[in-house]
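In the two complexes that follow, chain A is the common piece, with chain B as its partner first and chain C second.
Coming up: the complex of A and B.
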């Protein structure tokens, strides 16, 4: 069994003025990758390219070690996909939708679907348009999990959901990953969700991958520094997203070890940076 | 394929029942008035309407995303729409055929006008052949704009072609225009005949048109996925 469940190599795609360029991502089996970025950064485009819903201009996408275009049907048979706004035919019932979907998967398991509906408290005789947004998302997740997928791809699944439903979804993802043979690729701009469950984090900004590493490494290396603005001299080139006030400055540093070797940090305050901080300071750098 | 077609029928089930009812009423009226050629326009509208309605549901519910997240070949998605379009034609004509066959044992002289049927199949297939590639390339909204222009075009052409040719025939000297007028005129004559052969010819041409259109649609859908 191949070690990497998903590999994206030098992927590029242009869309009018937007350009997704040289995207490189590797997700090993048994892990959850959070795909973070602001709205319009290129998350959905990347996911659509993985699902072969749009064509790439160049690069490679290998899922389960196989090219995602050449082996599209085999790959999709083992992928569970949930989009930001779950898509179904509104006028059909949950049950009819499941009966329709099961015809196309080789590994569909009715007991999983029924069990998940029961767990989510979803009435299968209800029409899709009678379900709330949270219920639709849960239905989408139930459909995505019922054919025993190996890779779960979720595009902003927690966006617009209340904290209880969000927590429930994250719990299911954690359960899904337990056997260590599967993987989850999970995009979101809600960084707290990513921090809760992801093992790897990929940050995309304006169509380019800023970082793609283990979450713990990121949180250990990337730090926030604060200090008197008179101490800025000599530091500036190593600071990212510098914010100045009348008396102090705040900025992000990429590698605390390298920074400490180069500069005297005794008069600076070094703080943990969370993903939100990283995202905000990187955005400020752009501006 | 079967499940995709069944899904289209199921989603349009209310409209589908209405179609059968209306097709039945129209067919009955046509027999009663002994003017079967009048069936063409309403049937074209009904069948074309049913296909575009199924495309509307795909667009409104973002069905293309729902279908493409599953292991379904793009070509199967495209061909299923064509099969649905063909079955809709069968459904549209079903009441007409049924009334005709059931009427005979009852002693009613209800003859099927094959020419009118052939023309209907041809026009509906032509409409589908043009509409579906546009839908698969640009989606429902743009195809709808196209559809409006197309309807107007169809109406103008169908109402004026024959009289246009007659007018040209009279106004152009024989020596100058016959090379163009004669084949065109012959074609109109041929298409106006009411026999089984002309009907088969219409249906064959319809299948060829739909086949070419389906190949174009698959290419467009595969290269320009929305």
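Coming up: the complex of A and C.
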């Protein structure tokens, strides 16, 4: 059996009207998984469930092969977690924040922290409220990496950040998994970041997992098709999120090979779909 | 080792990488025994996913162009010269097919295509 760093099995949790249902996700060691979905799709809820910050209704979560509630302390000692809005004391300096954080971890290494601050150009004598948004994220990342975690969980780390900071983050993540024992699980609605470096992509929509596979397989199979209105006949049941414009239609298909076997595509345009295209057409399906 | 990959290339990334390396072998830029960067290093370097580079190397292993020794890394294999030559011919066939498809698509006549081909052969080869 393959060694999975994160395993989510039939996870469910309801919140008033919102329901996260039957979530299944598997991340093998050594890889990066991007967790994609629109705002409110259930990304943060899933992550909070992994971190045992909220209770699950049913299902199972295993981190490093161990139940995340039963072995919570042991597991969290090896998780680096960056939340959507990192909780800091605004009046504390970066140095004091680290001083406070390190007490929770058995493997804290000051040289890692100092090295990362230097690399990020962060002055550790600065107070948290003197830092820019990008600096805050980088501080949170430095804190999350300094106890030598094996699994890094990042909730929307790139949202609201400029391309330069986002690129720095991607670089850090790639460095992190040079050690094949580690893994990264990060959520984002900026799909271009995920499309670059993620090995696996999990797409969540309205509390349900739409797909969770190797990124390359997804991008090789899911395609956009365009064509003249009169070509539509007979295709409709295989089209997702059909959009009709005046002169043509555009839709998503989930398996180009099956589609080409079933239909004559010679007068259609088959185009690559990126993760944004997939999200958009899936969202349109519901309306 | 520069491997040209492009977002506007319709081929999947792993294929661009494996063919990029294959081309370097065909051209003699990479020789038997030469070490390749590790799968993870190459992914980091190109800022692409590990699975992509892994698949590229897997393709090359299947074609017996590289060998991977666990814990040591990947190396250019002692490939068979005849096999390389036939691979090269395959590549040429592939490229000519592309040109013919383009000619067909743009309505160029078979006769004109032949004329161009022989003219170039005469001038360049």
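Before moving on, here are some points about what is shown:
The rule is short, and it goes like this: the second predicted complex is superposed on the first by the 285 of 287 C-alpha atoms of A that agree within 3 Å, B and C clash if a C-alpha of one lies under 4 Å from a C-alpha of the other, contacts with A are read in each partner's own complex, and residues count from 1 in each chain.
Here is the rule we use: a contact is a pair of C-beta atoms (placed from the backbone, for glycine too) under 8 Å apart; a residue touches a chain by one contact, two chains touch by 3 or more.
Fair warning: this is a prediction, and the values are worked out from it, not measured in the lab.
After superposition onto chain A, partners chain B and chain C are found to sit side by side with no clash. Applying the stated contact rule after C-alpha superposition, one finds that A:170 touches chain C and leaves chain B untouched.
Within the superposed three-chain model, A:196 lies in touch with chain C and out of touch with chain B [touch as defined at top].
Contact with chain C, but none with chain B, is seen for A:30 once the two complexes are overlaid on the shared chain. Rounded in steps of 10, the angle chain B-chain A-chain C defined by Cα centres in the superposition reads 160°.
In the superposition on chain A, contact of A:178 is made with chain C only, not with chain B. Of the two partner chains placed around the shared chain by superposition, chain C is the only one that A:214 touches, whereas chain B remains out of contact. When the shared chain is aligned, no partner comes close enough to touch A:15: not chain B, not chain C.
Fitting both structures onto chain A leaves chain B and chain C with a minimum C-alpha separation of 28 Å. Once the two complexes are overlaid on chain A, none of the chain A residues touched by chain B in the first is touched by chain C in the second. Only residues 30-32, 170-171, 174-175, 177-178, 180, 196-200, 214-216, 219-220, 272 of chain A touch chain C when the two sit together in their complex. By the touch criterion stated above, chain C contacts chain A in their complex at residues 10, 12-14, 40-41, 43-44, 47-52, 55.
Only residues 51-55, 72-74, 76-77, 79, 81, 83, 85, 87-92, 96, 100-101, 103-105 of chain A touch chain B when the two sit together in their complex. Across the complex, chain B meets chain A through its residues 3, 7, 10-11, 57, 60-63, 65-66, 68-73, 223-226.
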